[in-house]
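For reference, the structures are reproduced in the following blocks.
Two complexes come next, and they have one chain in common, chain A, joined by chain B in the first and chain C in the second.
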Partner chain A sequence: MRALSWMVLGLGGLCLLLGILALAGIAPVLYGGWLLTAGIAGLFAGWYLSLSAGMLESAGGGEQARLRLRRLSRLKYDLGAWFIMAPCAILFLFFIYDPLIESVRLSFFETKGMTTVRFVGFQNYRRMLIHPDFWPSVRNSFMYTFWSLAIGFMVPIVMSVIVNEMIIGKNLARTAIYLPVIVPGLATVVLWRFIFSAEASGGMNMLLAALGLPRTTYLSNPSIVIPIIVLTMTWRNAGSTTLIYLAGLQSIDPQHYEAAIIDGAGVWRRLIHITIPNIYNLARTLLILQIIAVFQIIYEPLVMTNGGPNNASVSMMQVVYRYAFERFDYSHATAMSVIIAVILLALTLVYNRIGKPSEAY
Partner chain B sequence: MSTPNTMPGTRKRGAGRVSGKTDGLIRQYDLRKPPVAAAYTLMMIVAALAVALSVAPLIWTILGGFKTMQEFSRGVKTVGADGKNKWVMAFLPVSFSLDGYIETWRQTKFMRNYLNSLYAVLGCCASALLFNGLMAYGLSRLKPRGWRVADALVTGSLLLPGMINIVPLFINLTRLGLTRSFIPLWLGVGASAFTIILFKNFYDAMPSSLFEAARLDGCSNLQMFFRIVMPLSMPINMVVLIFTVNGAWSDFLLPYLLLNNSPSATVMVRLFEFRVATAGVTAIEVLRATVFSILPPIALFIIFQRQITSNVMASGMKG
Partner chain C sequence: MKKLLALALVLALTLGAAGAMAETVLKLGIYPIDTDERGVETHENTFIPAFEAAHPDVTIERAPYDFNLQTILPLLESGNAPSVITTYFTEIPKLAGNDFLEDITDILEERGWLEQINPAIIGPSSYEGRVYGIPRNFYGMGMMLNVELFEEAGLVDEDGTPLYPKTWDEFVETAAKIKDETGAAGFVLLGADNAAGWHFTILSWSFGAQMQTLEDGKWIAHLNDEPVVKALQLVKDLKWEHDVLTADPTAENWATGFQQLGTGAAAMYMAADDAVAQPTANYGLPIDKLMMIGMPAGPAGTVMLTGGNLFVFPKGTPKDEINAALDYLEIMGYAPVVSDIAREGRKADYESNVANGVPVMKGLNVWTNDEYNAMIDELYAQYVNVDPALYASYYEAAAKPGALHAEEPMQTQDMYAELTKALQAVIVDADADPQALLDIAQENFQALLDEQVNK
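Coming up: the complex of A and B.
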């Protein structure tokens, strides 16, 4: 028992060491993250086994032994519980945290296919900055964010206030507005590409023709391509946000309104002084979530315009996609992802600094 | 984010029917004032427009699928007032025969993609219930020493930009030889913080006496999960299943990277392959394939409409 526990403990430690070395890029080990995980698990298992061994040897009796037994049963409970949580925790490590670390690591290496060649410091980043796709994509990502806030931020707020005031057809309105959310994202993108097609068969052009207007181009016009893509995103996403605001509106205490009515406040004043302040914090949270989501836009430009015309709609995530899955240049792709992550982190920090949540209303 | 203190919709409806509008921002007597009444009418018109706008693109697509290729791209040939032939685009198709849809279904062999998607969806459901359920159970009930670490792992993932991971994840999966396999899609669902939080909130509200009784009867932790927690959390299981089915059906980037150009392409992967002309499909076929890909989620939504909308509201998070 003792020997076994030492063996497991040693193996775990070795795995851990190799994992750390592999992640640091020193040892030529195939896959560091798994070793790291296995190492931690091995250490735990070894610790557990050695303690059980200790218990078997010292189960003689007396106060000391009883205390030890109690501690041991607590340990057994903890390990059992962790055993239940471990599968999911490993999945989190594998699907989220390990790729995150790998992403940062790869961005500092020269890669050839999927193997790292050598450490190059910030060279990938420097080369990123002078790439012709880079600055258009940065500008566009900010433009997407700007337009999505300009077009899309108020829509769910207005819609939720309206739907909340409906007496008849409320359920129908709620269902219809949520319907686009349930449609698969890629399908909506393909669908909107048909609607904004420059051909006579495009939905918008059919509408123009029905009104007696000449047909026009949409997605190949560099000055309106981003607002149009943002319109389709708003169509798709407004429904879920509307429902969240609706929940916020329904949780407002009706007594607030009654008190305001007794004080003689009109509808407009009630809206400004009760409704809006009550959903202010929710709006704040949803604003930053929207910024984070839109900044990572990829499907829409990828499918609707492929970044065109002339990079007028290419987004930063799409540049990652181009590098990684069209040119198989993983080091530049990860450098780009890291830049996106840093920009988002900076945006979130700045945002939390400038607009503190309002406490009083 | 807050949970509403009443069940969405219940209070409202009861009050509304009895004596006009006695709740919310605008009350019945406000409507006697002409400006308020005008504003209220305007609001209802906006609501009607929003409903129409939400549904119109979907209806346009479904109607378009009924047309023939020529009808779709050029219109219908009609004789104009001056006696010349004219091509006219109509919103409604000439006939509502399903032949076009059936032909596309056969020609693109879409059945296979449907089956692949079904396969992916079923595995994802199992994974979501098992992995996320167990994790939430641990976080909510077992709370071993150090559970806050796991909690931080879960909630921390909500803060990370979701797309950043895709490149190294793809590399890792390729190294492990898991491309052209559904396993990563299934397991990937297990790392969903959203589902875990849904489960955890539900488990937190279960009475502890249940667990104490079961423990006295000699139930182990795992038995407790499968014999007590799971059967008692059918409502939340249902919600998680609905969201997982929809998410797995709609998931695209990782499935595309793993399954493109393989016989196990899911519906979304196939649809993405159709976007380029080299896929050898006509515009009308792409349009019909789009309809195929949106019908199952819409059917699901129509059946479970009330559960979906009220749960998006109650959880206060994006689904």
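Coming up: the complex of A and C.
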């Protein structure tokens, strides 16, 4: 067992070293990210094995031994869990963490296609920062996030409270609310593009015409294009969030409500003193998840406006897309991705600092 | 001894197998897709048997590929791209610049094809002085007209020939008349993506613009010069003063432009003769109701952008595979070689156009080989299915000395992106100031040139 643990540790260390050398451009660079991830995984596995081996060896007699044996059996139990998790963990390593590390690496290199040419330090980042599309895209990504919270954050909460209170047609309402989520994403975007088309055949313009009003433009109006796009996103995504809130609401002990009713509390007081505190932590998590998701918005502006007019709706992810798939410029695309990741990380950290979880419930 | 013999036998067998495996495989990316039954039939019954008879050592793999920016990169990076594919002139700097294409200059020279390429398209087929593709066709960007709308607006002479605009002033009048008389848009202006900047550049050229110049070894942008400002003012007037555009130009892209033209929602659209199938076969405009003209003249005369398609060979394609592909192109009639089979090849193209209801175009000469061009002329005369008078002014305009203009050389997509933003701004805001917008575009683009080119 001990020998095995040393072997795994050694292999892990070797992989890690090769990975670092590869990333630094000293060794052949092709599988640097993979080696690094394999190395980290190897070190973890080795450490775990050595821990188990140590416990096996030191297991003697008496009370202490029984305790150690119990710990050992716990480890064995854990080992089973690790085995069950292994396929998933490996997939994560290779399809999430490895590309992630590769992206960071590519962002420091000059590239031809996906092949690195030479190490250029922060040059790609500097070019990114002076690119005319950078600041509009940063501003817009924050605007998307702001509008999605302003327009969309309360919608699922209100819907879930209403559905929770319904006595007749609850199942129908639940299904209806979730329906937009099961329509393929791109199809809904194309659908909304037709609705907001500036042509006489656009849905909204047909409505205006029926009311005898002149037709107008929507997506080419720089001051309303982002709220409109957010509106369509809310329509599509609110359903799944509503179901999560609904689950949260249904887990609240009915006795709280009964006691409140006996004490004479009305609907509002029950909402403010029981419902909201009970879903506070859930809402907190969903808020940060919403920020992370909306900040990375891409295909709505890509399909509906292509970022226009005059960059009024371009998002940071769309700039990444333009670099990667319109110009094959992976070094700048990855530099932009890293900037997005850093912004989101910072946002999450700040958010976690200022909004402490409620401990009341 | 026995062991030695056995070893030698195994070695010989392995090497033999390896030798057999090294047989040339020609992965034909230019093989037609399944739905093109006529094309498949021509390749199967004509081209492939002829090729196999001449090249018994080459295996053909059918790998139809329709060029697309989203799919080409994974194919190239993974080494799974076909041996030969088609792409556009505009993609050469991107593909060759990223080291994705084989340099075929020497091979073309060996075959004697290099000096037969029309000098007007050597530039767009090359990157940093080396040739990366064989032109399939080339064109000058002109204007397509929906003849039905011209007729409806009364814009035809006594013979029924459309009274088409020859200058930008006439263009504005014509567009306004069409809008007044028919209610359809006079012109489809592109505004959705970089194609907007691409079209706008051509418009600016006719006002005398020169968007980039090389001065003292540095590339200088001229996006806010007077001719460009005048061109942008024209765009703004088309929208706000004359109101002759479609409902939302910022939603119009290359494909929707053809839709608007073909379905009679707009009367004029900037396009070239390689796309005549779009408004006709795809969107239902009868082939005798499509007309093409040269770009309207501005103060600098008529200027038409050179564009086209070409055959290219992904990086890593071995020389024998490239040569096999070139032989195949020869059979298809896309090389400066006249033969019965080449004639059959080109005939099949024309027959396919006629059968699919696509106007048969003469096109500009890709090769300078007289014998080859005579063959094409003869085939064209045999198959032409539209009145050549509808295209005469287009080809006359392109043939004028100095009318054809190559794409601006440096960071072209970035330049188009900056121009597109300025164009979008004047389309959505009646009070936008073209000069101020182009000053921003100039500043942005010059910064990019300084950072990435004038290092």
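Please note the rule applied: the second predicted complex is superposed on the first by the 278 of 361 C-alpha atoms of A that agree within 3 Å, B and C clash if a C-alpha of one lies under 4 Å from a C-alpha of the other, contacts with A are read in each partner's own complex, and residues count from 1 in each chain.
Here is the rule we use: contacts are C-beta pairs under 8 Å (C-beta built on N, C-alpha and C of every residue); 3 or more make two chains touch, one makes a residue touch a chain.
Not measured: the values here are computed from a predicted model.
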Per the contact definition in the header, classify A:Ile40: touching chain B only (first), chain C only (second), both, or neither.
neither
Looking at the overlay, does A:Ile288 come into contact with chain B only (first), chain C only (second), both, or neither?
neither
State whether A:Leu72 touches chain B only (first), chain C only (second), both chains, or neither.
neither
First (chain B), second (chain C), both or neither: which does A:Ile151 touch?
neither
After lining up the shared chain so the two structures overlap, which partner does A:Asn311 touch, if you call chain B first and chain C second: first, second, both or neither?
second
As a test of reading the superposition: which chain, chain B or chain C, is in touch with more residues of chain A?
B
What is the contact status of A:Met114 with respect to chain B (first) and chain C (second): first, second, both, or neither?
both
Using the superposition on chain A described above, determine whether A:Ile276 touches chain B (first), chain C (second), both, or neither.
neither
In the superposed arrangement, does A:Ile224 touch chain B (first), chain C (second), both or neither?
neither
For A:Ala200, using the defined touch cut-off, is the partner it touches chain B, chain C, both, or neither? Pick first, second, both or neither.
both
In the superposed arrangement, what residues of chain A touch both chain B and chain C?
114, 199-200, 325
Using the touch rule from the top, collect the residues of chain A that touch chain C in their complex.
112-115, 127, 130-133, 197-200, 202, 215, 217, 219-222, 305-306, 308-311, 325-328
Residues of chain B touching chain A in the complex
1-6, 8-9, 11-13, 16, 20-21, 23-27, 30, 36, 39-40, 43-44, 46-47, 50-51, 53-55, 57-58, 60-61, 64, 72-75, 89, 91, 130-132, 134-135, 137-139, 142-147, 150, 153-154, 157, 160-172, 174-176, 187-188, 190-191, 196, 220-222, 225, 246, 249-250, 252-253, 257, 268, 271-272, 274-275, 283, 286-287, 290, 293-294, 297-298, 300-301, 305, 308-309, 312-314, 316-319
Which residues, counting only chain A, touch chain B once they are in their complex?
30-31, 33, 77-82, 84-85, 87-89, 91-100, 102-103, 106, 114, 158-159, 161-167, 169-188, 190-195, 199-201, 203, 206, 209-210, 235, 239-241, 243-244, 246-251, 254, 257, 261, 266-267, 270-271, 274-275, 282, 285, 289, 292, 295-296, 298-299, 303, 317, 320, 324-325, 330, 333-334, 337-338, 340-341, 344
Help me check something: in the complex, which residues belonging to chain C touch chain A?
69-70, 73, 76-77, 94, 97-100, 191-194, 246-248, 250-251, 253, 413, 417-418, 420-422, 424-425, 427-429, 444-445, 447-448, 451-452
